[in-house]
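Lettered A, B, C and D in written order, each chain numbered from 1.
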Amino acid sequence: MANMAQAVRLALHYAEEHLGVTDIFGEDVGPPLGGVFTCTQGLKTTWNSPLDERGIIGMAMGIAMAGGRPVAEIQFCDYIYNTIDLLKLAGNTLWSSNGQWNLPMVVMTPVGSGIRGSIYHSHSFDASATHIPGWKIVMPSTPLDAYGLLLSACQEQNPVLFLIPKALMRIKGEELIPGEPSEDKALSKLIDAPLGDRTQWKAQWPAVQPVSIPLGQAKTVRAGSQLTVVSYGRTLPMCLLAANALASEGVDAEVIDLRTLWPYDWATIKASVAKTGRVLYVNEDTEVTNFGEHLIRRTTDELFYKLLAPPKLLAGKFVPGIGLADTLEAASVPQQSDIHAAMKKLAAMEP
Amino acid sequence: MANMAQAVRLALHYAEEHLGVTDIFGEDVGPPLGGVFTCTQGLKTTWNSPLDERGIIGMAMGIAMAGGRPVAEIQFCDYIYNTIDLLKLAGNTLWSSNGQWNLPMVVMTPVGSGIRGSIYHSHSFDASATHIPGWKIVMPSTPLDAYGLLLSACQEQNPVLFLIPKALMRIKGEELIPGEPSEDKALSKLIDAPLGDRTQWKAQWPAVQPVSIPLGQAKTVRAGSQLTVVSYGRTLPMCLLAANALASEGVDAEVIDLRTLWPYDWATIKASVAKTGRVLYVNEDTEVTNFGEHLIRRTTDELFYKLLAPPKLLAGKFVPGIGLADTLEAASVPQQSDIHAAMKKLAAMEP
Amino acid sequence: MAPPFPWVYTPPAMAREGKNPSPSSPTKPPKPSSPSKFKPKITQSDDLPLEKDLLLRMHDVMVKARCLEERLIAMYKSGHGYFWIGGPGEEAFNTALGLLIKKGEGPAYDYLHFHYRQSATLLAMGEEPLGAIRQMKNTATDPYSGGRNFAGHFAKKAWNVAPVSSPIEVQYSMAPGTAWVQKRFGGDGISIVTGGDAGTAEGDFATCLVWASRPGKEVPLLILVTNNRWGISTPYTDVQGVEKISDRGVAFGMRTKTIDGNDPISAYLELKEAFEYVRTERKPYLVEARVSRLYGHSSASGANFVTNEADCIAQFEDRLIKKGLLTRQSADALRAKYAEELAELARQAKEEPFPEGSTIWEHVFKGEPARDPLATEEG
Amino acid sequence: MAPPFPWVYTPPAMAREGKNPSPSSPTKPPKPSSPSKFKPKITQSDDLPLEKDLLLRMHDVMVKARCLEERLIAMYKSGHGYFWIGGPGEEAFNTALGLLIKKGEGPAYDYLHFHYRQSATLLAMGEEPLGAIRQMKNTATDPYSGGRNFAGHFAKKAWNVAPVSSPIEVQYSMAPGTAWVQKRFGGDGISIVTGGDAGTAEGDFATCLVWASRPGKEVPLLILVTNNRWGISTPYTDVQGVEKISDRGVAFGMRTKTIDGNDPISAYLELKEAFEYVRTERKPYLVEARVSRLYGHSSASGANFVTNEADCIAQFEDRLIKKGLLTRQSADALRAKYAEELAELARQAKEEPFPEGSTIWEHVFKGEPARDPLATEEG
């Protein structure tokens, strides 16, 4: 089964063959490396950019303007913060030209903690991104979702930000991507660049088929009746594990993978919370002015009288960075045990 | 009475005379202009910077490192978005050096709508700013508060972001700054740069006295029993007007001017909402992943069982910009009538 | 409809006196090099080495552009618009530029990444002035932004005019992108970017130089800087140590030139050479043009005519008259004609409605309905 | 304690083979200029025009620094640290730099805005290596960041060492600030900024040039670029069209020089001249030093010794031995001594505790208690 890095690669391969993607670029995105997480190995339209994030976003905007279809990478989302004005500009270009200039462009960037990345390889970007109008924002938690959502992103008429949870990058999926060989390691032999000299290497692309996962659709990954948990990215699998564990403790939780952060699938959340009366939002961005707080506001706006307990957020601590030492990272962003405890506590609150 | 631009100027004058401020700089901050809103006319440590916001923030950080005390201006907060990485860096410098390097620096910038500034002279920055750890964030709504809070900011050991609501810049205060001449226009004659040639002009500074408004203290500008309204900046005076108007309609609202957004005065909000059971947060930043949503989350976290109605947010619409035409601006950010209606509706909600 | 709380970019009285503000300060000694030293030198020859038709066409566009800007200023002053910014003083250079542009949509044509002083270029390309007037008045009919953006913020996809946006210099980061597509596309379409002198202090200017000159991947990009020696109230020489902005390109192995942007003839000839190089060599060329700023920075500085900078139209008319290509009378008549036409257009625009408030939801996402994403059934 | 999900900056096997990765691509023709063309030229003379004591001191520091980096790499490889990045290959330049620094706290001394390859400079200044080892191991005792930051991310206020931060090039935007204070302060303290070649593509490099050279307000800033011809896996010549990075300073009227950073003697002499100029003239000076990268980019690329780049220590030792200032035996003994000392320090650090989780709340705000601002009584 493909891991997420391979799934991204397969999607980009499909996109450059069939969806008109013209440029996949960024720092170390082209040969020989093919991306610091190997997401862009062996592709035909990749190239290495200068070390200049503003240039990367600006170039993507220009390419999109001129009818190209760029997929630009910011090597780590930690380094995207000096481009927020350009992201805002990309998000308002259609609007300020009163509908004339749309920018079909994808920006992808690895996000989040879980790899002991210390202060500058652990950032989350979902809070900042969801505050920028005019962008669609995606964050998969499985390889198949990454594949399908990236195909959708590459067909969008609008800018799409594709956030890839680093911690999940090397986790194999449980579902095959259509066309992916089913034997273990077969995919790796076909599409992972070899160790050693790569000058003669070419990827042997399996004939992957498109998967349709429209932007804006959440996925209920576990049905439950007593409590709703909404998450995405690194924390999503932990929420699922916690829900499964809590089932034996008598708590039946529904787990929703939001997948697209903007526009998000409010209908699915609303129906679930209307049913359970309790909701926990989980993400790992710092918790002040956090996207989960928006979801809580929406919840109180529309579901206040159905709530059996306060809607809760479990997110990253409001500290200036994620420290390198295990102890520091664990104290800064939600861990499995934190999620478990928060769910249990919420389930037990008296109405 | 001083208006806010004059109050800022008086505070900066006091700060360069008595608090060790060494550099007040930014685009057009020095002579002859003294700032596009006249906030820095006649001061002795002002200078004009290159047109480079990243350089402005970097320079402020460097000055603070070397023992200077900078007050840097970003001409409009609309142009601060390419410096967010540097703002984050300033906010984590003490933390990542484990307590060694603190940065006593003030960044001031005009924010918000109300002057028909169109897409790029109408931005708010409170949502983005409150998501950056390590900064104190201030936003006054009266000249006297601007004066007192800026004096506190200039004595801080940590970075302070001082957001000045453009729409209130030319509104005179109702209270005198201590030392300010009380006759109308007298202050202007002393400290407003003349029309025409300014080369020989020097400000005649009144002997203003310090006012202590510690960062982190809200001000209850109207006591009330049925409903709490928490706001800051441009929308605050409108909330007060609305509360006064609603009194005659039988709604008794308490209005809190937050003044400092981080760290904010939760004790004051909490006590008020515990009393009234209803709260409306009002600001004009775009409403998705908005600081008011954080306050709503805190409210549900700590006061859920005391609430008589859902906590509400009235903020800017989630659109890519504020359009120039009156009709567009009015439809995009809260107006007096919107606030009035939201308060009335909240007061009327059945528990 | 006067601006409720205008900001002041330069002291109004200074502008009223017809002078750009002096850089000298009450507390600091005079700067080493005063800006006047850098006024564009008037070295315009008596020779007019261009076809008569072209000369008169240039003159015509320049006058029309000036009349347009003066109409926009008049609208601002009479309360028919909140903010004015535009290009009076840059007509010579901007007109020459516009006449050389290959106009159309898509990579076969030139992509234009402009700043807010480019009206003469648009007119030279054949644009009707009514759109600029509508944008000034922020009517729903404004063809560039639907009443959303400031005057001078053109956007016209049919002619590859990228949306002008207020943040200084960002267009320099985007321009290599369209040029990159054109490099691959082939043909002779190029990209053109313009901006001011002060803005070259932004990192985006350097980004443009870096991305335009990648070895073997140089892009067909004409990088233009109109140097009026001002950034709002700040003289160039107060804040930047670069003598010739065009020198910034040298380290990048780029062709560069500093030219007199107040002379439409030399501007035309220099630009023509640069255009030809970029079109055929598919490599960047950096041109700095020294120009004037004749109505101050913007309406925030009063938008009054200044008398201490060279006026490219007055100079050009003198030369044309000297050569017998024009008479004072015909020149005055032309100006009067355009002034009247533009006044009429302004009268027309004044009757047009503003956009509905609900239009804020239009064009957030391409191909999607206009709606508030947070709207609930209860409202 | 191996990294749970390491990212790979360069293909591990390439690093294992002892080669920096080749820039050639499976799908594209070879680039016009291959990186090997740009290997620092070995033009080091037999002359050793410096005092014997200084030469031996330099050699001593260089060896110590190499041993420190090799110990840090060994720690990484044995699971005692998550990530390594550092300066092996740059010892010649960095040692010369460190020996010229005026060390102390406050504007009378030099301010240091470093990037992550500066260990030899710190050692040359007299720093104990234990701190670097503790930071590698992210112990609570790490004097630079308390276990918070990666190896090589020094911060030492007592010596004006500004916190090294991972984002490339931001230090170039800050350095003019300390230098500005020093300009006003007087004396001979200067600011020094270092960074890599790839990073000069960021706008911050240009920002530094602009702010350092404001007319009449030039600042005493030594702007250094260590050019190893790589940005992770990307050869310089693939992405940047600037032949000599030092040329970027020319348009700004700045003194500039490109030097051989692999020769400690010429590096010392060139830097000395630059230091003297900046200290006395109070103006900026831009130096580009060509250096090697001997263990690849970082641990993410395997951190193995490469054989296709010049090793400044081996070269320097040959020269010292040739001149009779050193013997092979004494050189080997020195290396063995430091290797053992550092191994012992690593053993010591391994016993030290990690920071407590609750310490994340320390030093958020100066002078304020360590606490979660959102903590409630109920918890």
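In this text, a contact is a pair of C-beta atoms (placed from the backbone, for glycine too) under 8 Å apart; a residue touches a chain by one contact, two chains touch by 3 or more.
Note that the structure is a prediction, hence the values are computed from the model and not measured.
Using mean Cα coordinates as chain centres, the one most removed from chain C is D. Here B-D and A-D were compared by C-beta pairs in contact; the pair with more is A-D. Chain B and chain D have Cα centroids lying 41 Å from one another.
We define each chain's centre as the mean of its Cα atoms; on that basis chain C and chain D are separated by 44 Å. Between chain A and chain D, the centres computed from C-alpha atoms are 34 Å apart.
Chain C has residues 145-146, 148-149, 165, 167, 201-204, 207, 210, 214, 238-240, 364, 373-374 in contact with two or more other chains.
Shared contact sites, meaning residues of chain A that touch two or more other chains, fall at 50, 52, 54-55, 79, 82, 85-86, 94-96, 119, 133-134, 288, 301, 318-321. Of all the residues in chain B, the ones that touch chain D in their complex are 22-23, 50, 52, 54-55, 57-68, 70, 85-86, 89, 93-102, 133-134, 136, 157-158, 263, 298, 301-302. Those residues of chain D that touch chain B in the complex are listed here as 106-107, 111, 142-146, 148-149, 153, 155-157, 162-163, 165, 167, 170, 172-182, 184-185, 191, 203-204, 207, 210-211, 214, 362-367, 373-374, 376.
Taken together, the chain A residues at the contact with chain D in this complex read 27-28, 30-33, 36-38, 42, 44, 48-55, 78-79, 82, 110, 114-121, 166-167, 169-170, 193-202, 287-288, 317-321, 323-328, 330-332.
Residue ranges on chain D touching chain C, taken from their complex, read 31-33, 201-207, 210, 213-216, 218, 237-244, 247-248, 250-254.
Touching chain B in their complex are the following residues of chain A: 54, 79, 81-86, 88, 91-92, 94-96, 119, 127-128, 130-131, 133-134, 262, 286, 288-294, 296-297, 300-301, 304, 309-313, 318-321.
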